[in-house]
Every structure is written in C-alpha cells, then in structure tokens.
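Chain naming follows the written order as A, B and C, and within any one chain the residues start at number 1.
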Amino acid sequence: MNPGYRLSDIVGRFGGELVGSGDTLISQVATLASATATDLAFLSSGKYRQLLENTRAGAVIVGKSDRDATDKPRIVCDNPYVYFARVSSFLNPGPQTEPGIHPSAVIGEHVDIHPSASIGPFCSIGGNARIGKDTVISASCTIGENVSIGDGVLVYAGVTIYPDCIVGHHCILHSGAVIGADGFGIAMDEGKWLKIPQTGKVVIGNDVEIGANTTVDRGALDDTIIEDGVKIDNQVQIAHNVVIGAHTAIAGCTGIAGSTKIGRYCKIGGNGMILGHLHIADHVDISAGTMITKSIEEAGAYTSIYPFAPHRQWLRNTVHLRHLNELAERIGRLEKDLEVLERKKS
Amino acid sequence: MNPGYRLSDIVGRFGGELVGSGDTLISQVATLASATATDLAFLSSGKYRQLLENTRAGAVIVGKSDRDATDKPRIVCDNPYVYFARVSSFLNPGPQTEPGIHPSAVIGEHVDIHPSASIGPFCSIGGNARIGKDTVISASCTIGENVSIGDGVLVYAGVTIYPDCIVGHHCILHSGAVIGADGFGIAMDEGKWLKIPQTGKVVIGNDVEIGANTTVDRGALDDTIIEDGVKIDNQVQIAHNVVIGAHTAIAGCTGIAGSTKIGRYCKIGGNGMILGHLHIADHVDISAGTMITKSIEEAGAYTSIYPFAPHRQWLRNTVHLRHLNELAERIGRLEKDLEVLERKKS
Amino acid sequence: MNPGYRLSDIVGRFGGELVGSGDTLISQVATLASATATDLAFLSSGKYRQLLENTRAGAVIVGKSDRDATDKPRIVCDNPYVYFARVSSFLNPGPQTEPGIHPSAVIGEHVDIHPSASIGPFCSIGGNARIGKDTVISASCTIGENVSIGDGVLVYAGVTIYPDCIVGHHCILHSGAVIGADGFGIAMDEGKWLKIPQTGKVVIGNDVEIGANTTVDRGALDDTIIEDGVKIDNQVQIAHNVVIGAHTAIAGCTGIAGSTKIGRYCKIGGNGMILGHLHIADHVDISAGTMITKSIEEAGAYTSIYPFAPHRQWLRNTVHLRHLNELAERIGRLEKDLEVLERKKS
C-alpha cells in the first residue's frame, strides 16, 4: 500500500475544487459502499446519493451539481468518473518489473531488445524481433520472428504473437491473446478444402488494449489493422483483413468476420457478430448480442436482440414466428374483405 | 487399466441392491452401446432400453423401475447416473503426480508451497504465493504474486492466474483459463479512452471447476466472486465484479457482463449472454443462446431463441419483423372499422 | 523473399493457359489493388473488373470468361481462386524449422519422436507420446501422456493436448488450442454437482486445421471425433462426444454442444450454436449467428437470425413480439366476426 497523500496534494496534481479539509489522508480509491477512512470514493450519478450519505470514505469526488450533497471533504469536478480513474492510476501504478532478460528466455538472432525492457521466464523471442523501451514481456510468451513491439507495452503471461506482426506503443495485451494466427481462408477444390496461405500480418496501433484469450488473425494478403486507441475485451475474435478504426471499443465474446471495416469511435456490445465484407460508419453503437448483416452508413444505435421471456410465454409467442408470412397475408385479406363490405354498405 | 473389482465389492462400497452374480469382474465403465464383458454400463432413462437388451456389458446399473428389465448382473439404485459417476471416479482416479517442484520452475520469494504439492515444468510462481496440500500445478502455468490456491486443486497446463487472486480447495482449472485479467473498464475522456485501473481481485470458492480458455476478470474496485460448487464450461467470459452464486452451472461460450449477480443453483445454457448490472434469482434456468437484458426475480426457465428455419422460409417470415408495428396497427384499424360496421348493422 | 519465377514456369507447374509474355518475373501473390510489378494477382469475380483495369500487377490469373478482360500477361484457368491458392502455397512455403529437440524441452519416458520432428523450447512431452515425421511442435506446448501426433503436423506455440488424444497427419493446430480437456459432465446429487469423469479421448483425422483458442473436449465415455479434412476457425467450442463429419468447415466463435453428430461437407457460420444430441445431415449450411435446436435431416441452408435495425425502430417492432400470440388471436377473431357480418349481409 502507498503511504497516503493529502487531499490537497491530489487536487494540486489533478485539479478540481477542494471543499473541506485538504489534510485528509488518502491511500486508496474505493466504491462509496466499501470505502474506509483513508479511501477516496466517487459519486458518478445522482442515483447513488443514498450511498453517499452512508459512506465511510475519508473524502469523495463529486460533480458540480452534487457539490453540497455531502459534508465530507470533497473534490468537485466536471467528470467524477474520469477524475477517479486518474487518481486510481496514480495510486495503483501497476506491477514494477526489473529490466533485463530472464536467463531461461530463448532469444533469436539479430533481435533488438531495449535495455530497459523486461523479458520474463520461458519466453521465446524470434529472430529479428524488436522490443521497445520499458516494454514488459511476461512469462511464457512466444514472440515470432520479425515481430516489432513498441515502447511501454505490457504483455501479460502466455501471449503468442505470430511472425511479422507489429504492435505500437503503450499497448496492453492480456494473457492468452493470440495475435497473427492464420485467417480462416479455404477454397473448395475437388472435394477438399485447400488452404489459402495467409501472407498478410497484423498491425496494431498505439494505446490499444487487447483482452484475455482474444484472437486477431493475420491478413490473407493485405494486413489486419487495429488503429490507435482501440480497446478490445476478452474472447473477441477479429478475422483476417478486418480494420478497426481508432478509439472503437469492443466488448467480450464478439466476432468480427473477414474484411469488415469498422469506423472510429464505435461501441460494440458483447457476444454480437458483424458479418464479413461490411462497412460500419464512425460513431456506430451496436447493442450486445446483435448480429450485423449489412453495412451501416449512418451513426447511431443498432440492435437485433430477440426479447427473452419465461419459457412458456416464449413458446406461446414464438410459434407464430414460423407463420408470420401467413399472419400478414391474413391481415391483407381481412383489409380487402372489409373494404368490399364497406363499399357495399355505402 | 485397473485390475478389476468384483461387482459385490462395488456394491459394498457404493451401496444399492445387487441382483445376479456378485463375482462379475468389472474393470471399467462404458456406455451400453460400447461396453464389453468387463465393463459396467448404466441405464439412465427408459428410452435406452433397446440398448440395454443388446449390450455386451458385464453388468449394468439400473433404476428401481428397471430392476427386471435385464437378466444381466446388475446394481439397482435410486439414481443410476450418479451411481455410475461415483464408480467411474473410483475406477478413473485421475493423473497421479509426483510431489515436488520441477527444477525448471521459477519460484518467487516468500512462497508457501506445501511439500505434497506438485509444480510442473516451466511454471512461474510469483512472490508470496501460497499453494496448498496435494495441489497440482501442471506445466507452463503462471501464478501471480500473492495468489492463494487451496488444497487438492488441479490446475492443468497453461493456466494464468493474475496477482492477488484466491482459489479455494478442490477446484479444477482447465488449460488456457485466465483468472484475474483486467476487467473492461474504460471512460471516454476528451476523445480517448482512459483506462480504469482494476484493483479488485477474483475470489473462487471450493469445489469450483473452470473450463478451458474460460476467462474470469478481476474486479474494478471490489472483487469478482465465484462461490462454492460453481461449474463453468469452456470459453465462458465472466466480467468484473460479477458474483456467481453457489452451485450454479454455466455452459460453454456464455458471457456474463460486469457487476451482474447470479443466484444459487442456476443453470445457464451455452452461447448466451447476461447483460451487466442485473440480478438473477436462485434456481433460474436460462436456455442456450438466450440474451438476458433485465433482472429476473423469479425462479423458472427463460428463453429468447429465435427459431431457425430453412433459409427461404426464414426470409419469407422474417421480412415481416421489420414491419411488426405496422401489422399491429393494421389489426387495430381493422378492429375499429369492423366495430363501426357492426354498429351500423345493428 | 523468394528470387522470383517466370510466369511460364508457374504455368508449367500448375497448368492453365498462358496468354502474354511468359518471361514476366513473379515473386509474390497480391490483391489486384495492392499488387506491384512482380506480383501475380487474380480476378475471382466479374464484379472486381474495375480493379483489374487499374491493377499494377505484373500478371493476373483470370477465369475463362475473363480471358480478354485485360492486356496483362495472364493465366487463364477454371478456378482463379484455387489457382492463386496453389501458387501462393508454392511461393510461401511456411516456416522452416530445424529438426531436433530443444534442450529446454522436458521429454517423458518411452516417447517415440521421429528424428525429423522439431520440438520447440519449453515444451513438455508426456510419457509414451508419439510425434511423427516432419512434425513441428512450437514453443511452450504441453503434449500429454500417450498422445499420438501424425506426420507433417504443425502445432503452433502454446497448444495443450491432454493425455491419450490422437491427431492425424498433416494437421495444423493454432496457438491456444486446447484438445482433450474434460467435457462438461456433471450430475446433481444432493445439492452438489458431482463430476462425471471424462474417460473418452479426442480423435482428430488427417488434414484438419484447428484455430487459435479453439477447444475440443474429450469424450465422456466414447470419443470426440473430428474427421478428415475438417477446418475449424478460432474460438470454436466442440463439446464431448461430438462427431464432425469429414470436410465440414466451422467458422469462429461457434459452439457445438455434447453428443451432436454433424455430417460431411457442412458449412457452419460464425457465432452460432448447435444444441446437444442432434444429428445434422451432410451438406447442411448453417448461417452465421444461427442457433440450431432440432436435428436437420435434409441438406440445404438454415437460418435463425433476428434482423437488426436502428435501435428505435427495433424497439417499436420488437415490443409486439411479446404479444404475438394475442395478435394472432385478434386476427382470428377478426376473421370470424367478418365472416358473421358477411353472412348476415348475404
């Protein structure tokens, strides 16, 4: 645990208005519900005001409209959640790793590993690979030949990067991620699938985070591209030749099929899928569990969730889906018949 | 292969009524269809009685209502499937592993590894980690600093546990599982995603099984919790701050989004998703492929499957879904018009 | 990069009709859009003819109907995509690996490793395992006891194969694949899940490719079987006792539940699911995102996609799904009432 900082020191560093005692000692961040006297908590939304009343936090971060919602020492700012994130990063700087190459690591020829980088035990680093300044490769990673990894990258244990792939600066790759495996390229040839060699690579920009057990396939001929600032959750599958635009976020278990191009600042919910060879515009939000089957050229929110229900009710309603065409035809016939009747009437 | 046990020895150990020769030698369990003369098979349901007639098994396990459905030596009991499971566990005790630390393993400082535990080749065990009695850590696992693993745990090859996580007693973790990676916590800040440090951990109870390539993220501030007796299949994603109640079972490829609390004794089918910040009551069954978008406060079965059909029929029916609102309005108009007509009539 | 081949050499090796200069030097394949003067590109479909006009490729592969669509040196053949795949395989022969066992590998007793095979650093090879001719086991793989791997197999880094599994000849297993983990077999017994020992194994035929982070579970009693020529993409989950027929292709993120038998030459789209204990005929195409809940006995295409829409439109339409039964009943009543009216009329 860190020694603690005075609340006034925190305001000095991160800005905002200090209300109450600046001498309050803060050693960690916490939720309103679990905070203790040396914790700094935050109120992200008015609906948690009840928690604010009962919190035992030493101090809180609040928005301007909640300036007077508590008597606690507090920091008043525009975006309490962002402020909290900054303080948390400051108080929790992440694992410190010693520079240097673990003696068990197997290092190929002609590598360029910065002296400040750390290569963990049981890593294999292929020939001609480049590992940048302050980059950490944790235990049991396999980095292929000619791979280039930038500065300040954190690669957790058990990551595999296939040959020739490029990772930018300040990226985070979580355990089990596989970057650059072959795309699923096959052609039927006289009763057998012929493998299409996947000769492209994966190019990952700066400030990208890739979740645990996520896979990003190399391109078939051209490259698969993940632009700057993209955040990808766990167990996401990015197929060959996909392009993910800068600052797009993709939640867990989602699949993006081959050659699809996704714009910038999109938000893609979990467990959905985007079919191949589509184009998704910038600023598109796709709901969780949604299957996108056509290109989307306009920003906005898109959904394809089939609503859940108690199983019996689901059965009762869903049976009609197989006959929706008939239902529509019956409505059409009713309309015609009624019109005939009305005409006779008048 | 084990030397074989007399059927009477098995009944002596596991109970049930022995009918027929107790001297029948049993060396393994098998299905009715594939069993041979030294195998013990079981009849779990009356619909397999045809298989019972033709089986070459040396003996069978049957329920009380099937006591006389065969002439074979047999064990009559309440739950043949459970009985079979017990016998199978007895006959197939799992891999025997030598205690001790493989010389290639890299062990941090101040670890507490029980002398009966086994640490495989190419494992990295972080400082201050605790590994319990009879626990097996197979090859190429990475166990982070301050991780605590209980007694009798079986960790298969290639598992990663991030720092500070806790695993109870008698758990099984399959290959490629990643426990404690960062939750997907990001906040948009002036055009860039700001990472929210994930300072919670994962706490796994006793008797939990976690499937291959499943991921359980650490909490953002508080912990992610998997209670006792939970069984999780392969490729499941458990997001940060989720709580899974005791004895809940989750089938493969399912995603549970952040901060959702799932009750006890739930059964969740494969390839579904439960959105974040929900509460699911005890004894809820969720069908495979179902997306849960709201909290469920009552036990029962819930479903959201959209029925499949031959593609052409699907097309013909599904086109109306985009116009369901119009169809409903047309029905409403028809009802009104008909009422008008009827009133005129009378 | 390879030194380059004359176009006439390529035609000599792979057939087809050469039109234009056979002396054109080709060193790589590329797309029409990105090709340069030493690249061979291909036209797979008439709709890319615009790209053909503008390509800077040194030569192109075209179908017979496009024989005269360009002045470039060209190869005219029946299936340009298959032709291209063959040339690409020839020009990109894949990684060359030195035979032999890396000194860091841990090798069990009584193994049978062919002298031409390559075992990478940090591999664990269990006792009695068999590794065939020219097979490559890359870094950090764990191969269990009694595993048999055929000839010419390429196992990428970080693959785990549990004991007793069998892999045929000329297979490719991508990083993070887990073969033979326990199937999800549990039985409720007095308030606790009892584990059903999974005593079957996985049997993989020849020419099978298995994607990154894909899992294939071992059988409960009998085996899980992947027949010859099956191609499986990333993050697919194959449960216990599944049988996948020869030459079936399965796209990413799909789950196949236990004991389902899938025919030959099926194509299964991404992120779908097939429930357990079903039978799928040969030559069945299942659309992406489709959930199959019943056996399919006829070849053809099947779909269950719920169509996506802008979120507001989706809301407006989808609300009626919960009342589809009522809508159907209202239509029925309208029909009756109208009939009554018409009868009175006449």
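Worth a mention:
Definition applied: a contact is a pair of C-beta atoms (placed from the backbone, for glycine too) under 8 Å apart; a residue touches a chain by one contact, two chains touch by 3 or more.
It should be emphasised that the depicted structure is a prediction, and the values quoted were computed from it without experimental measurement.
Once subunit B is ignored, the contact network of the remaining chains holds as one piece. Of all residue numbers used at the contact between subunit A and subunit B, under half are used by both chains, marking a mostly different-residue interface.
Chain centres here are Cα averages; for subunit A and subunit B they lie 25 Å apart.
The residues of subunit B that reach two or more other chains are 104, 122, 140, 158, 176, 213, 235, 253, 271, 305-307, 309, 318, 321, 323, 327, 331, 334, 338, 341, listed in rising order. Subunit A contributes residues 28-31, 34, 79, 81-82, 84-86, 88-89, 92, 94-95, 102, 104, 120-122, 138-140, 156-158, 172, 174-176, 207, 209, 211-213, 229, 231, 233-235, 247, 249, 251-253, 270-271, 288-289, 305-311, 314-315, 318, 321-325, 327-328, 331, 334-335, 338, 341-342, 345 to its touches with subunit B in the complex.
Residue ranges on subunit B touching subunit A, taken from their complex, read 104, 106, 122, 124, 140, 142, 145, 158, 160, 162-163, 176, 178, 181-182, 184, 186-187, 189, 191-197, 199, 213, 215, 217, 221-222, 235, 237, 239, 253, 255, 257, 271-273, 275, 285, 287, 290-293, 300-307, 309, 313, 316-321, 323, 327, 330-331, 334, 337-338, 341, 344.
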